[in-house]
Amino acid sequence: MKKWLMLVVFSSLVFALVACSDDNESAGSDDGGGNDSGGDGETVSLDFWIFGSTGYGELVDEYMEEHPNVEITINEGEMEDMHNNLFTSISAGSGAPDIAQIEISAIKKFLDAQDQFYNLNDYGAEDVAGNFLDWKWAQAQNVDGSFQIGLPTDIGPTTMFYRTDVMEEAGLPTDREELAEEIDTWDSYYEAAKTVKAETGKPMADAPQLVFNALRDQQDQQYFNEDDELIIEDTVKEAYDYTTKMIQEDLIGQNELWTPEWGNAMADGSYATMPGAPGWMVANVKGNAPDAGGNWDIANIPEGAGNWGGSFLTVPAESEYPQEAFDFIAWLTAPEQQLRSFEIAGLFPSTPDVYENEEFLATTDEYFNGAPTAQIFAEAAQSVKTVYMGINYATVDTELNTALINVAVEGADPQEEWDAAVERINSQLERQ
Amino acid sequence: MSEKVGTKKVSTSRIFVYVLLAIATFLSIFPLYWMFVMATNHNSAINSVPPAFIPGAELVTNFVKVIETIDFFGAIWNSLIVSTVTTIGVLFLCSLAGFAFAKFSFKGKNVLFVFILVTMMIPPQLGLIPQYFIITKLDWLNDLKAIIVPGLIDAFGIFWMRQYISSNVPDELVDAAKIDGCSNFRVYWNIAVPVIIPAFATLAIIRFMYIWNDFLWPLVVLREESSFTIQVALRGLIDNYVRDNGMILSGTFWATVPLIIVFLLLNRLFIQSLTEGAVKS
Amino acid sequence: MSRTDVSIKTHKKSSLNEKTKEAISGYLYVSPFFILFAIFGLFPILFSFYLGFQKWNGLGEMEYVGLQNFKWVLTDEIFWTSLTNTLIMWVLGTLPQLLIGIILAYALNSALIRMKSFFRVSIFMPYVTSTVAVAIVFGIMFNSQEFGLFNVIFGLFGVDPISWGTSWWGVKVAISTMVFWRWVGYNTIIYLAGLQAIPNELYEAAQIDGATIRQKIQYITIPMLRPIIILTVFTSTIGALQLFTEPLIYIGRTYREEGITVVLYLYREAFSNLAFGPASAAAIILFIIIIIISSINVLIANRIGR
């Protein structure tokens, strides 16, 4: 008999402990189930998944004050985690929120499963389409534009950060406009790189990927055409050749993005330019090089800008309140609110209206020698091209980057590395 | 501590042992020390070349940033609950099963035991989606049960207990107790448990640390801040595009401190049990 | 496994009733594992097995494709590369752990030393250190450039900088070192628990008989420790063949050929390429490989000390 007693006592102990921890959650999940009817006057509760520092908390509070019947619960996490959780929820058919933020790198994957999301065109997305930059709007659309998965939030138009001290040492212009005139094509970028190398011994850029990306983003077509055929041979091979040629001539370093040495190089001025740097890179540079203020400045990229990063707000098909969710995200992504989140958290607006706002344009940054950052990024935003990315964009990008790093670090033959990368890409693509 | 092997006072071998342990200690502790160094430095010092080797002055600043960004103490509390309950459950269930496998005879025992071993051989990564599906069916999302109950499945623990019991609990004792009329559970409780306390302590250390540091599964099923364990909460320190390693490692370091305390407590239990055992025999 | 079974059977002297009672207790005691496993473990496994014959991107409909997924995996060069990598890193990273683990445990158990608790805690610390910190620290130590810690050290002996992040052996050595570092303390603690259970009387008796240290290890320590050695060999082999965390920390989501392991390969197929079919096929193939290797392993380990 005693053993049964032990088992009972033990299991009740375990479950008592578990039950204790339960109390916190039950409140939240209860009101989720309590309003199935969702009629007028009843409280509509919306789960809202976000990542990064969006500063949306403040705006959500404001919205709830104006709409007392709407209750929005923010759930914030790391970007990759939030994407994975959304994927798992949709895959298992349960647990997705009413509104999910999705980054550009993942949007095509989810767009491929469009029956799992509401088509925002059915809820009035077409009426607000004019608010946004065309290329950004198109990123969250299927090929024929009939399905709109999300409304645009922020964008990452790219510019070229440069070290004024290195430029000065190399005898090149340090003023941002003069420099942009001096380096207005990739040919002149190459010439300037040779000058920098000769005068200072330093490379023009430290990360091969950044140079390659900057060139790639100026193409109308990049890795895939709209039939999802791999077309890199005709589109980005030239950018690859340009980059590897500079690597071989020691004009570009060998750093990989996000490594400590990449961060450190921002502080010690061991290279001249960082092409393809978007607005959020400002905080990165400041974080890694807090004492380098005044040594950095911002100019345009030769031959036009690209885009790096930015997100969308989507409404998964599980939501019971698609209209209310849409109304909220339409408000949140409207120009006035985008300007607010720029002010609060530095999210760069995707609504061109804001670019004419004088207060916005007057934003300058002391760290970058008082550069009118908002104005420079806004200009860049308007020259970004509309590109079809396709769901396998990241796979191709990973392999091409591996090839570039092999050329830079191992001194491998560029053509052989290219061929090997193409082979790896093809073997992965044929599985799908 | 009881006297053990080679009590001869051979100073060369003693020096050799000390040197060996000193090297092992240095190599083992160094990354932890460095984590502390990074937790006390500004992000830029971490990324500099050569990196900082001595603690900086940002200890408080970094930690304040951590508790401003996440509910650090709430998450530590959740982790303590999850790790403690799972560990106690695992110790009980695994020692019971291990005892049965080591000392009882019943039909199909070997097949069942091999089955347990085979479950360890399946790569767990692909089970994520169906496992999540089960949790949603049970309505355990955002519930610590979703971590604790599946965490009680521990094939290694059963294996460990079986091996330890089979070589350390003498069959004669078990049989003698049975002849005295002890029930099977009493044999387990009165004969086996006291002998295998070191095995408990070892398994407890391993399990507790594992549950505490695990984040892949909790990340999937805990989605509300109130239910976050510490590792899930720490993920919230990683920003989209901008990484503050000083802050991240500060959170990580302070999340390790409770583990070291738990380890020291269990280690004490471990040594105590051995000394007692020595006195008895 | 057989030795104890036999001894139980020969020691049986109880009635049939006793036997039935023992069997019932036995089933009862092992049942929680099987019940929990049936709820949480079985379905995922059957699901993976089923997926091996389907084409599925995780979000849409499934489509039956027969053995196509297995054909893809088995004809994929990268799969074989990943298998070779896994085996090489097993030899470099996991096997030495067991040997060094025993030596450290033996040292910690010897009466020669003081501050046992301090050493014990320190040696176990790598298991406690979080992966975020490990990633950063090892990134700095195995930096490919001249200022990387290991390159600086090797530089003192006139060795040219090694590209730890990209070269065939560099990546493997770096990952294996990380594996070794993270798990050697874990194995030490396990061996230590086994060593401390060996009664002193045995050693004392041997001492009186004039046995050397080597003889004591060979005739007392190893045989007494045999169940624990089998356990560690078995579990570390499985762990090595399922190597995932360390390569993911070190090469990240570039899935570089030099460091990709089988599990990393199937993880890439599933969650990066959304090809759950080939991923599951790879998982099934790996499962079979693990069964074969573990069986061989246990057979060999069974002979130790006999």
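A, B and C label the chains in the order they appear, each numbered from 1.
Convention: a contact is a pair of C-beta atoms (placed from the backbone, for glycine too) under 8 Å apart; a residue touches a chain by one contact, two chains touch by 3 or more.
None of these values were measured; they are calculated from a predicted model.
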Inset, instruction - Compare the CA centroid of chain B with every other chain's and tell me the farthest one. - result: A
Inset, instruction - Weigh A-B against B-C on C-beta contact pairs and write down the one with more. - result: B-C
Inset, instruction - Provide the C-alpha centroid distance between chain A and chain B, rounded to the nearest whole angstrom. - result: 37
Inset, instruction - Averaged over CA atoms, how far is the centre of chain B from the centre of chain C? Could you give it in whole Å? - result: 16
Inset, instruction - Mind pulling the residue numbers of chain C that touch at least two other chains? - result: 58, 136, 140, 147
Legend entry - Multi-chain contact residues (two or more partners), chain A: 84, 91, 260-261
Legend entry - chain B, residues touching no fewer than two other chains: 46, 49, 51, 128-130, 133, 184-185
Legend entry - Parts of chain B lying in touch with chain A, wherever the complex brings them together: 42-44, 46-49, 51, 78, 81, 84-85, 88-89, 92, 128-130, 132-133, 136, 141-145, 148, 183-186, 189, 219-220, 223-227, 235-236, 238-244
Legend entry - For the chain C and chain B complex, residues of the former touching the latter: 1, 4-5, 7-9, 11-14, 18-19, 21-23, 25-27, 29-30, 32-34, 36-37, 39-41, 43-45, 47-48, 51, 58, 103-104, 107-113, 116-134, 136-138, 140, 147, 181, 184-186, 189-190, 192-194, 196-197, 199-200, 203, 213, 216, 224, 226-228, 230-231, 234-235, 238, 242, 244, 262-263, 266-267, 270, 276, 279-280, 283, 286-287, 290-291, 294
Legend entry - Residue numbers on chain B that touch chain C, as the complex places them: 1-7, 13-14, 17-18, 20-21, 24-25, 27-32, 34-35, 38, 46, 49-51, 93, 96-97, 99-107, 109-110, 112-113, 116-131, 133-134, 149-150, 152-153, 155-156, 158-160, 163-164, 166-168, 171, 175, 178, 184-185, 188, 198-199, 201-202, 205-206, 209, 213, 231, 234, 245, 248-249, 252-253, 255-256, 259-260, 263-264, 267-268, 270-271, 274, 278, 281
Legend entry - Residue ranges of chain C in contact with chain A within the complex: 57-60, 72, 76-78, 136, 139-140, 143-145, 147, 163, 165-167, 253-257, 269, 271-275, 277-278
Inset, instruction - Would you mind writing out the residues of chain A in touch with chain C in their complex? - result: 84, 87, 90-91, 109-110, 112-113, 116, 254, 256, 259-261, 391-392, 394-395, 398, 401-402, 405-406, 409-410, 424, 427-428, 430-432
